[in-house]
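Notes to accompany the following structure.
Order as written gives the chain letters A, B, C, D, E and F; numbering starts at 1 within each chain.
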Amino acid sequence: MTNRADGRALDELRPVTIERGWSAQAEGSALISFGNTKVLCTASFTPGVPRWLTGKGTGWVTAEYAMLPRATNERSQREAVKGKVGGRTHEISRLIGRSLRAAIDMKALGENTIVLDCDVLQADGGTRTAAITGAFVALADSIEWARGQKHITRKAEVLKHSVSAVSVGIIDGVPMLDLPYEEDVRADTDMNVVMTGNGKFVEVQGTAEQEPFDGAELNELLALAIKGNADLARIQAGVLSQ
Amino acid sequence: MTNRADGRALDELRPVTIERGWSAQAEGSALISFGNTKVLCTASFTPGVPRWLTGKGTGWVTAEYAMLPRATNERSQREAVKGKVGGRTHEISRLIGRSLRAAIDMKALGENTIVLDCDVLQADGGTRTAAITGAFVALADSIEWARGQKHITRKAEVLKHSVSAVSVGIIDGVPMLDLPYEEDVRADTDMNVVMTGNGKFVEVQGTAEQEPFDGAELNELLALAIKGNADLARIQAGVLSQ
Amino acid sequence: MTNRADGRALDELRPVTIERGWSAQAEGSALISFGNTKVLCTASFTPGVPRWLTGKGTGWVTAEYAMLPRATNERSQREAVKGKVGGRTHEISRLIGRSLRAAIDMKALGENTIVLDCDVLQADGGTRTAAITGAFVALADSIEWARGQKHITRKAEVLKHSVSAVSVGIIDGVPMLDLPYEEDVRADTDMNVVMTGNGKFVEVQGTAEQEPFDGAELNELLALAIKGNADLARIQAGVLSQ
Amino acid sequence: MTNRADGRALDELRPVTIERGWSAQAEGSALISFGNTKVLCTASFTPGVPRWLTGKGTGWVTAEYAMLPRATNERSQREAVKGKVGGRTHEISRLIGRSLRAAIDMKALGENTIVLDCDVLQADGGTRTAAITGAFVALADSIEWARGQKHITRKAEVLKHSVSAVSVGIIDGVPMLDLPYEEDVRADTDMNVVMTGNGKFVEVQGTAEQEPFDGAELNELLALAIKGNADLARIQAGVLSQ
Amino acid sequence: MTNRADGRALDELRPVTIERGWSAQAEGSALISFGNTKVLCTASFTPGVPRWLTGKGTGWVTAEYAMLPRATNERSQREAVKGKVGGRTHEISRLIGRSLRAAIDMKALGENTIVLDCDVLQADGGTRTAAITGAFVALADSIEWARGQKHITRKAEVLKHSVSAVSVGIIDGVPMLDLPYEEDVRADTDMNVVMTGNGKFVEVQGTAEQEPFDGAELNELLALAIKGNADLARIQAGVLSQ
Amino acid sequence: MTNRADGRALDELRPVTIERGWSAQAEGSALISFGNTKVLCTASFTPGVPRWLTGKGTGWVTAEYAMLPRATNERSQREAVKGKVGGRTHEISRLIGRSLRAAIDMKALGENTIVLDCDVLQADGGTRTAAITGAFVALADSIEWARGQKHITRKAEVLKHSVSAVSVGIIDGVPMLDLPYEEDVRADTDMNVVMTGNGKFVEVQGTAEQEPFDGAELNELLALAIKGNADLARIQAGVLSQ
């Protein structure tokens, strides 16, 4: 028994759904939900690489994250209208890009570019972790598509392993997995952990929002994240095997 | 019998679906489809008006339109990344705002603000007309919500009539209703017509893309638009009566 | 007899003057007045086309519209100082570009570029229609200049027909031609109509500012616009024949 | 006898014309020509001052300079389209503002704001000096207007003296007055000198474009500038006395 | 014995110097060096808080990070010239702000604002960790200054503990402390760890640049970071006690 | 005896120090102080020139000036955060660029580019003159470096002469050399004079901040500037001969 508002166990994910191939336009796509958080992830595959990479025999993967203005409870101004991309948006876009690049063997990808767009349609905490988890599915499908189109011809696997992400946090001294918005704002410590399907770390970002944390707390949070990412890896594998 | 790729009659709309209340966050929302075109419309209601309207006893309604980067067949750069809103986006946002303001009795709305966000998730022609048609549903629901919350207290109807929009065009000399992308690019003349539910014009925007058109052609196009908007008004009424 | 403040008939233009060749620098230019509205139109001809058109054998015509900060009764902030071009400016620039491109046989123009700049020096309603009408004269002269310089060598006529534009509107239920500012702000419906010299429509943009309009009103407005554009076409022809 | 292309004496201005009250909208205005250089100067008078000056009993005068894109022989991109005001534009705007503020007794002006807009319609060298000289006439008229409107009520003269400006330069070792574009690009040294009507210096900006200059050359240039500014002061006085 | 290019032990910091009070202008300042990395940190103290915090009885601390264009081996373009702050800059500014806020009791600070500016004069790896470490010294001095000026009057300690930061990484499988640029670019995993003077974590940011890392490696890196931050806390305390 | 706050003679410079080679990264650098004004000047040498100069056999030298946000007594907002470079910054950057280009034989430099960055670390009046004086030292060293690297191979001297700059002004009717901030704000007239080491003028910029000045005052100011620049040229020569 826990005292979480939605009745979940401390180490339990919110319901996760992944609608693979949601977009009729993109080479790969997934509409992913972590509870009420919904993110549309698309992968745009283009033969060729930016000029500064040409001739090096390796590919390029980058990502952009954004939120619709009314994804949240109060409407926020569009960044296009403000005329600049905000710090938080930049930071998350960079995190998604790094995380997904960690899944890729750039030599095997060859001189091709994949752009991952993660647009939050509805936000209820964990948008960046849902984005990474969904983007992996879109990425995988775009690579499959490119194999079919002969844009990728090397035999080596392009995907070295799957990648997923989950948030963990400490609320009133209790570590928990996958925080929705109402838990997130109350957390003392908030951590996002990106992992591979075989249990290694790609990115660990922990922040003491209220009180600094000690090594024991850090270890408890990491254990929860390992459990959550293992669950997500299974869900991703299930979706991709259909 | 027609020679339209999707087998439609010349005066027939593509399948229209309106998912009312799609967003758990906004005061009103609708996910509308015109065939493969999908637009998420939200209405954000806020008590109060911008400073320059304060004390005048009237409300304010405005709109913003945008497209996800991979809504289209080729990825386009985000306007937030470019640092400015493009001309086409501005123009459509202004059109949507004018069109929906035409549905409102600003005195009856009182000193309240409604922002309509129309985000194109997938684009296949007619994104601005789908946006206007869906935004009306979101608008209506946000007004209903505000009545319930006592933000609107005047007895007068806030909505004077419904508003919808449809595109018409001439292709190889043949006028047609509701053009998908592949027809749109081939059209000699392209017209967007915004109308009220009682058959009056709110906005008529006709453009000769290839060849100038004469008065007879203009009349044929208007007749198709009247028919299409009457169909849309029925669909809107059906959705709102549920 | 009418009740227009300036004593004009309902279907009468304000005094129109076109000072052809006003600029000593541009390949074509015209300072046009519609009453107190004064717009300086220049056509800048450059051999060659943007990279994305190279080798296709066709030309490119584009337009930019702007207003001096004190063209209007109250000074407005410069868009260069604000750091972005406003929605209205974008929309009018695009309209002028489309309208003038409709006058051109792009194959006959060959791989050449013409940029039309329309700068409003003084504004009293109808700035976009004056701009289109004046820009046609500047455009025609720049083509003549380019023939003389052998930048255009194909025999075919580059100009397919003349293009002009005029505003019409309904004020207190009465349709009228060519609205100055004081009429424009009172109009229920406002329409800008771009036509060719041989009486076809290039662009029809009608907006219900206060009340939606019906088909009968639309027809009356179009009739006025046809009359006004015929007058303008005669004035253009007169100026160009000197 | 000189070898100037236009046959002028070395200490002779180009023909100067000042069309006072050119604008029907502004509180003061002048269309000034220095030969083929034409600048439209308007003065916008507004009661009140920016917040940071409120209650200090003094006025505020500022200026903005800009060039139409086709004022010059080759079209330049609009700064509004580039999204920023260039260094040269900024620098000249600041120079004009400082120069005209030097003409004003800010206490006598009272808490009122005057914005001077100088828009170059055609450019042939000396645009900043023509702008300053014309802006003074617009400024004087706006002050006269404000006296009439009782926005200025103190008895003291607001204008302490007139202000004008002229360029001087050294070409092939020969100092000359008021350089048109073709002389300007060849000049070794280029100097702009802003002076009061009673022969004092407001601003001296001399730049060695090719070769550094010595004290003797500096003195010759200053003598020419004193002569030219005396001529301009007489022309301004003549125009303002009509 | 190690194989580090500069001969350091694996758990040894580069030489650290902190020039306290470097700036004659700021309320607190420090020029800090981590080897060849030099960062000028200033703390600007202003009574009062932004409007949205007024009346809540708490203070506000924020930070901005930037690099001089030639701090690095190749000159990079100024962000002011590009017209926007890059993603990396944003991300680091946000990290510094969060880290230093963790040191502060906002109630004890009262309604006062402190802005921390960290400008990298020379960069050789670890610029963000040097910035945090130096900013703490500037912050402490600005609080001392404010006490002296009676801007801070509550008795409670404003600083809850010191804060410092250090980088750790794995190169060729070997975990090391405080990486200069040449080590940083070769690292498989790179981690920045912000800690309090009493040994708790404020922020942990680990990234697998090449290969994902496992829990054992993570623990080794954390142990090095704990050692490095303890050394930095001692150095800070020494400087502040003078 | 004078009444200057720091006890200097009217024609005496503040203490000048030039720390040559301050930066370990740039091809040339100098940290210069004029009293409390400290400017870090770096010269970045790159083989090659911008595209529009390629093949003309001449080099390119440009400059950028900026101030750290807390260089001044009150913190100013970063221009990168504002998203644009201010007018004053542009103007000074352009002045520095012109001044240093006057020192260079562009043919002898060959097709190479030098960018001078002048970043004000602490400001107390005279930042632009210190920047020019320090930038010359950085420039000289970068040319020396390029000779050593064989990027410059022509025999001709690249530096035609040294360049320095100093401010002069009139305070309470008394002309003085090298004004710190507290004198600068009180000056009636303020002049910046850039000169060559052999006593010629490169740039003279005099502005009447309060009262216009006459020819006699101008001559006194120029005499002081000649004296001050001669002193600076000696200091530069001393530093460069070490």
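Definition applied: contacts are C-beta pairs under 8 Å (C-beta built on N, C-alpha and C of every residue); 3 or more make two chains touch, one makes a residue touch a chain.
Only a predicted model underlies this, so the values are computations on that prediction, with no experimental measurement involved.
> Just how many steps, at minimum, does a route from chain C to chain D need if it may pass only between touching chains?
1
> By residue number, over half of the contact pairs should agree; on that basis which option among D-F, C-D or E-F is the same interface as A-E?
Answer for A-E: the repeating interface is D-F.
> Centroid from C-alpha atoms only, then distance chain C to chain E, rounded to Å. What do you get?
Once rounded, the distance between the two centres reads 59 Å.
> Give, as an integer number of Å, the spacing between the C-alpha centres of chain F and chain A.
Their C-alpha centroids are separated by 51 Å.
> Residues of chain F that contact two or more other chains, please.
83-85
> Chain sequence round the ring, chain A first and chain E second?
A, E, F, D, C, B
> Would you tell me which residues of chain A are touching chain E in their complex?
84-88, 90-91, 93-94, 98, 102, 161, 191, 195-196, 199-208, 212-215, 218, 222
> Which stretch or stretches of chain A touch chain B in the complex?
It is residues 23-26, 29, 36, 40, 42, 44, 46, 64, 66, 68-73, 75, 78-85, 89, 115, 117, 119, 121-123 of chain A that touch chain B.
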